[in-house]
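Both complexes below contain chain A, partnered by chain B and then by chain C.
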Partner chain A sequence: MNRFLIVPRLKVHNANALSSPYTIGFPAMTAWLGGVHALQRKLNAASFTELRFSACAVSCHQIDLQTYQGRGDYVQSIVGTGNPLDKTGERPSFIEEARCHLNVTLAIEYQGVGMGDTDAFLAAVRHHLTTMKLAGGDILSFGNPELLKIDGDIEFGKLTRKLMPGYVLLERRELMAEAMREGQDAIDAMLDYLTVHHRSQIDADGQVMWSAERKTKGWLVPIATGFHGVGELGLAEQQRDPHTPHRFAESLVTLGEFVMPYRLKRLDDLLWRGRYDADNNFYLIEQHPRNA
Partner chain B sequence: MLDPAIQAYLSERKVTWLKEKLKISKTEAEQQDIERTAADKFDLANWLPDAAKRAGQLAMVTHPGKFSHPGAKTSSVIADAERKADGYLRTGNVAAEFDVFGNAAALDVHKFLSLPLSDGQTVLGHLEQDTPLIRQQFNIPTAFQDLRQGLLSIKSGAAETVKTSEKIKQVYFPVDDGYHLLSVLTPSGLMFKLKERINVLRFSEAAKQARSDRRNQIHHEQGFDELYNLTVIGFGGTKPQNISVLNNQNGGTAYLLASLPPTLELRATQALKTNFFLQSLYLKDYQDKFKALHKLFLDTVPNNIDVREGRDYWILQIVEQVMEKVWAIRELPGGWSETSALPPVQKIWLDAANAQRRDSEDDWLDEIIVAVVSWLGIAYKKAVGEQKAIPIGDPESRAFRQLLAEHREVLR
Partner chain C sequence: MAKTDKIAAATVLAFEKKLVPSDGRLYGTRWEEGRTTDALRRNPELLKKYFDEQARKPEEEKVPLFQSLPLKLQEKSVRGTISNRLKKALQDDPAKLDAEVEKPNLQTVDSCALGSEHDTLKLSFTLKVLSGVEKPSACNSAEFAASYQQAADAYIQAEGFKELAKRYATNLANARFLWRNRVGAERIEVVVSVRNEGQQTAWTFDSKAFNLKDFDHNHSDVAALADKIAAALSGQTEFLLLTVDAYAQVGQAQDVYPSEELVLDKGNSKSKKSKILYHIDGVAGMHSQKIGNALRSIDTWYPVDEDSPYIGPIAVEPYGAVTNLGKAFRTPKAKADFYTLFDRFARGGELSQTEQHYVMAVLVRGGVFGESGKD
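For the complex of A and B:
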């Protein structure tokens, strides 16, 4: 049995759309799992001590990215807000911020809530969600949270129907890994899947035919799915708390595919989990590896 | 023999310096004096010890803090990671340049260290490996090891105390026995490498030529790749040099790739009166997709896996588009269908008031599958023309039925 907490139609205002130094749009998976973990901690502190949120899926019903494109512009620009003035009243040199408004449904796999506690549990979820931030944005509203118990992949449809209509992320790291095994570096491997390839052929009659195709079908996008430790673990001056081991890190970005949940057939294709890979210094939010 | 690259570097700097100094008309004696000074100043024996002294004012890094916030002062990070075909864009998986920040007046030293010598290796690379070639090049009165240490201090960041900043995003990540605290920095070398590659796609001569050939329907050997939905982000405003050297070289802007799902148009539409398929679906919205499907129906090997996958892909694309209308109608306040003449099963399917029933019952869904399959057949014929359309015989309509039975949840 798999148990899920469903938080339907959660509206988030001004979430962080700068998901990595290379991408803009849907907030990073690390931000969603981070929010879910923060909720777990609040509930742990509020008498649900055994509760664990082990995995999560985010179905995006709507996203409104705050960029603008001038007439005739090829590229968009970020709609920024002014940073606070510095001590001398000067405007600091400007670092742009990107934000988005979202409407999502969360499906959170949980363990450790007794059968008799479900009403109190749902009430606590409602209470704590109203006091939280998610992906850097404010939670404006959400539908009634509910609990759902399914018998693994057999009853998977009961779960996906709660997430419709919307789009969930399927990790497609294996596409990029394969291209890299064939010799492309990470940037070329990624761009090759994101671009439309215009090619021409001359047919038997000598006619020129131009075609436009992507490398593969499906709505592929670059996504931020974790962090890569690039410094040693240790203590640093000015770290947020002096007791937790600190290190410098960078975003890990790979390919993902936005699909409608009804297309998926297995829990492993829907759920994202966190894992620390000490050998590679990776802090990952990942799906069960497919063909990788 | 001084390496030609070093030679050229010094004379170039000398010329620039002289131009500046000789701008205002001077007496001949003064001019001669200035030229003598220049000759001294840009003689390797004098310039190098001075550069070695100034190198410490710069820091070579892979992950500068100022991209997070111009006021963030972090210790220098020089990251290195093994290359692996792991499917991640990260340090180690792309050859990228170092970034530099520090006193702008010392940036010439960084330029000098980046010079490739006759064997392709940079001055910095030679110094790090302490090669005989660089010892021979730096054969001046000042002790070589002093010069070397001075110049290498550009990379000494790793030795200082580790310092993050409250202006950097610091993230807790759960690990087995607690948490690690991660200060998330920008790998500017990677970020600008991405910009470079995108600019080749957009602006290279080859791409321009190929684009023009396509417009004129002329054959082009390589073709071109088009990237859509780019966003520009700026760092440092009017003073990109305050952020870093690479930022300044890139005019203070980088590209962001779009990471967005398809848009769902779920705005409530008008309530309908008699039949969803007749009143809510406009054939021209589906024309292109039916044509793509038609191409695959015409394929002589219909059981080929690519053909089958392509066929399924287009059918589901069409059905998802139909469902967008359904979902939009469901946004209407529930109960509207009671006064309509809709078939009962469509009332269940479309009216928000029946959400519970849709969730718990399945009979209506079987009926809807039949209705949608029938609409697909009719719409296909109309979209490609009665004459051209291949008769929707058993295999084709079975394909519709089977696929929708398998993906019935989309219709729920």
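For the complex of A and C:
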């Protein structure tokens, strides 16, 4: 039995659109799981001490990336924001930050809320979500949160119907792994899947036919799925929180694919979970934890 | 009072904004029909009654409810003239001058105007008011956070955000957020409605009745709205959700002014636009930042002297910056900037009442205010 909290049609304004250290687009999964975890901590502090949010899925109904492409432009440029003047009345230098407006539905798997508490639980979720930020953006509005109980993969359709129409991210790490087994460098492997190859063919009549294709089918995108600790745990000077040990970390980037939820057949293909791998210093956000 | 230099500095210090406006959407409408039908839509009981009446009418007498139309951006290409100041050498040589002036100055710009059947601009946005200004969203010095929270709690106890809330409410009522669209409008009306569950209140303001230069008035509806805002800011209610609809009668088919987009790299193609306006899925829009700036234009306490005279309320900014004047009204030299005052305020020092208002207004605005750890 899997219990879900569904937050439908969540509108986020000016969210951080840095989806990985190299790319802009849909906000990174780390941002969403971080937001869900923040909500859990707020609820834990407010009388739901047993509550655990164990996994989550984000279905994107609409994304409005703040970029501009004029007629005839090859590249898109980021639409910026003007910052307030400095103390001499001069304009400060521009900081290019990618932003986006989003309309998403969150499905959060939870444990530890009694049957009798559901009304109080939903009211608390409504209250805390209203005061939160998500993926760096402001939450403007959301539909009425609801609870959904499904029986594993058998009733999976009940859940995916709530997420339609939209796109969810599917982890495609196996593509990277495969390419790297064949001896490719990680960044080469990724670019190989993202590149569009244009090829020409001359048929018998001398007509030239052009075709454009990628290495595999599907809407593949680079995504950030966690962090790799590169330094030792310890105290850093001027650290953000004086009571928590800090360490240097770098982002983990791999491939993901946007799919419509109705194409998925198993819960494991939909849900993202956080995991700490102490041996390798990995702070992971991943799917298919059983195979890992 | 605690010694000011004993408390450790917070190098990581950030506050989230407590007034959260959405983007504004621009619609074209007619003054009478637009306002009355929107009033009907805001009231579910009246709307139901209206539809019941309509349902009883025979088919040919039924009239559809008047609908405001979303405004679209238009692209214009115009042949401009050369009208900038020319170099001295050019001015003295008539032949060269003629050649210069005869050059066509082709421009492509975005523009936005009401339709010919519409005489009124409608701007709609929502505004969320949150509490919790006494807690920084990030702070790495527990000592500093505790000392600051004490000061903030004392302010909330003593003032309850009454003065700030009155000014925010006034800026909603006077439609300052319409910016240039406010200029030359014949009539302006703002309807503010509470959207919290179970509270259906709405106020209608005649914006032209307010003086934009100060906040000295005793308007009862503004006071009622201010009470709600003050309650939310000081944490007595959990939050406040407002919908704001502003109507400005600017005249049929007149130009209106959405936000302009800040695109640094416009590419090198010849047909590039010199002005790009903001839209949300095709609806002309005003940036939330621009609405926020108007709402927090409440600072009348900045120092005034011969070089910088009083110019009316300016937006609450750490250096009192006014972008269109290219000027900072609160400089560290005059010891009136936010950081000077905040350091004293947060460490238990004394501030005058107006200085406290200003410091709290900057914290309501939000921002990153950490000190450098180097010195």
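The rule is simple: the second predicted complex is superposed on the first by the 261 of 292 C-alpha atoms of A that agree within 3 Å, B and C clash if a C-alpha of one lies under 4 Å from a C-alpha of the other, contacts with A are read in each partner's own complex, and residues count from 1 in each chain.
Criterion: contacts are C-beta pairs under 8 Å (C-beta built on N, C-alpha and C of every residue); 3 or more make two chains touch, one makes a residue touch a chain.
As the structure is a computational prediction, the values presented were derived from the model and not from experiment.
Visitor: Who does A:H13 touch here: chain B (first), chain C (second), both, or neither?
Guide: second
Visitor: Answer with first, second, both or neither: which of chain B and chain C does A:S141 touch in the superposed model?
Guide: Only chain C is touched by A:S141; chain B is not.
Visitor: Answer with first, second, both or neither: which of chain B and chain C does A:D241 touch in the superposed model?
Guide: Touch status of A:D241: both partners.
Visitor: In the superposed arrangement, which partner chain does A:Y276 touch: chain B (first), chain C (second), both, or neither?
Guide: Only chain B is touched by A:Y276; chain C is not.
Visitor: Please indicate which partner A:T131 is in contact with in the superposed arrangement: first for chain B, second for chain C, both, or neither.
Guide: second
Visitor: May I ask you to decide whether A:H101 touches chain B, chain C, both, or neither, giving the answer as first, second, both or neither?
Guide: second
Visitor: Quick check for you: in the superposed arrangement, does A:A204 touch first (chain B), second (chain C), both or neither?
Guide: So A:A204 meets neither chain B nor chain C here.
Visitor: Of chain B and chain C, which one contacts the greater number of residues in chain A?
Guide: B
Visitor: On the A-aligned overlay, A:M180 touches which partner chain: chain B = first, chain C = second, or both, or neither?
Guide: first
Visitor: Based on the A-chain superposition described above, do chain B and chain C contact any of the same residues on chain A, and if so which?
Guide: 74-75, 77-78, 86, 94, 96, 237-241.
Visitor: Within their complex, state which residues of chain C touch chain A.
Guide: 11-12, 16-17, 20, 22-23, 126, 128, 130-132, 138, 140-142, 238-239, 241, 261-267, 269-273, 276, 280-281, 287-289, 317-319, 321-323, 325-328, 331-332, 337, 373
Visitor: In their complex, what parts of chain B are in touch with chain A?
Guide: On the chain B side, the touching residues are 62-63, 67-71, 74-75, 77, 79, 81, 84-91, 93-95, 161-166, 170-176, 178-188, 190-191, 193-194, 197-198, 201-202, 210-211, 213-214, 217-220, 223-239, 242-243, 254-264, 266, 309-310, 313, 316, 320, 323-324, 327, 359, 407, 409-410, 412.
Visitor: Spell out the part of chain A that touches chain B in their complex, as residue ranges.
Guide: Those residues of chain A that touch chain B are 18-19, 21-26, 30, 34, 37, 60-63, 65, 67, 74-78, 86, 92-96, 98, 157, 160-161, 164-167, 173-178, 180-181, 185-192, 194-202, 208, 210, 212, 217, 219, 221-224, 227-241, 244-256, 258, 260-263, 274, 276, 280-281, 283, 292.
Visitor: Touching residues of chain A toward chain C in the complex: what are they?
Guide: Contacts found on chain A: 13-14, 64, 68, 70-75, 77-82, 84-91, 94, 96, 101, 127, 130-131, 133, 138, 140-141, 237-242.
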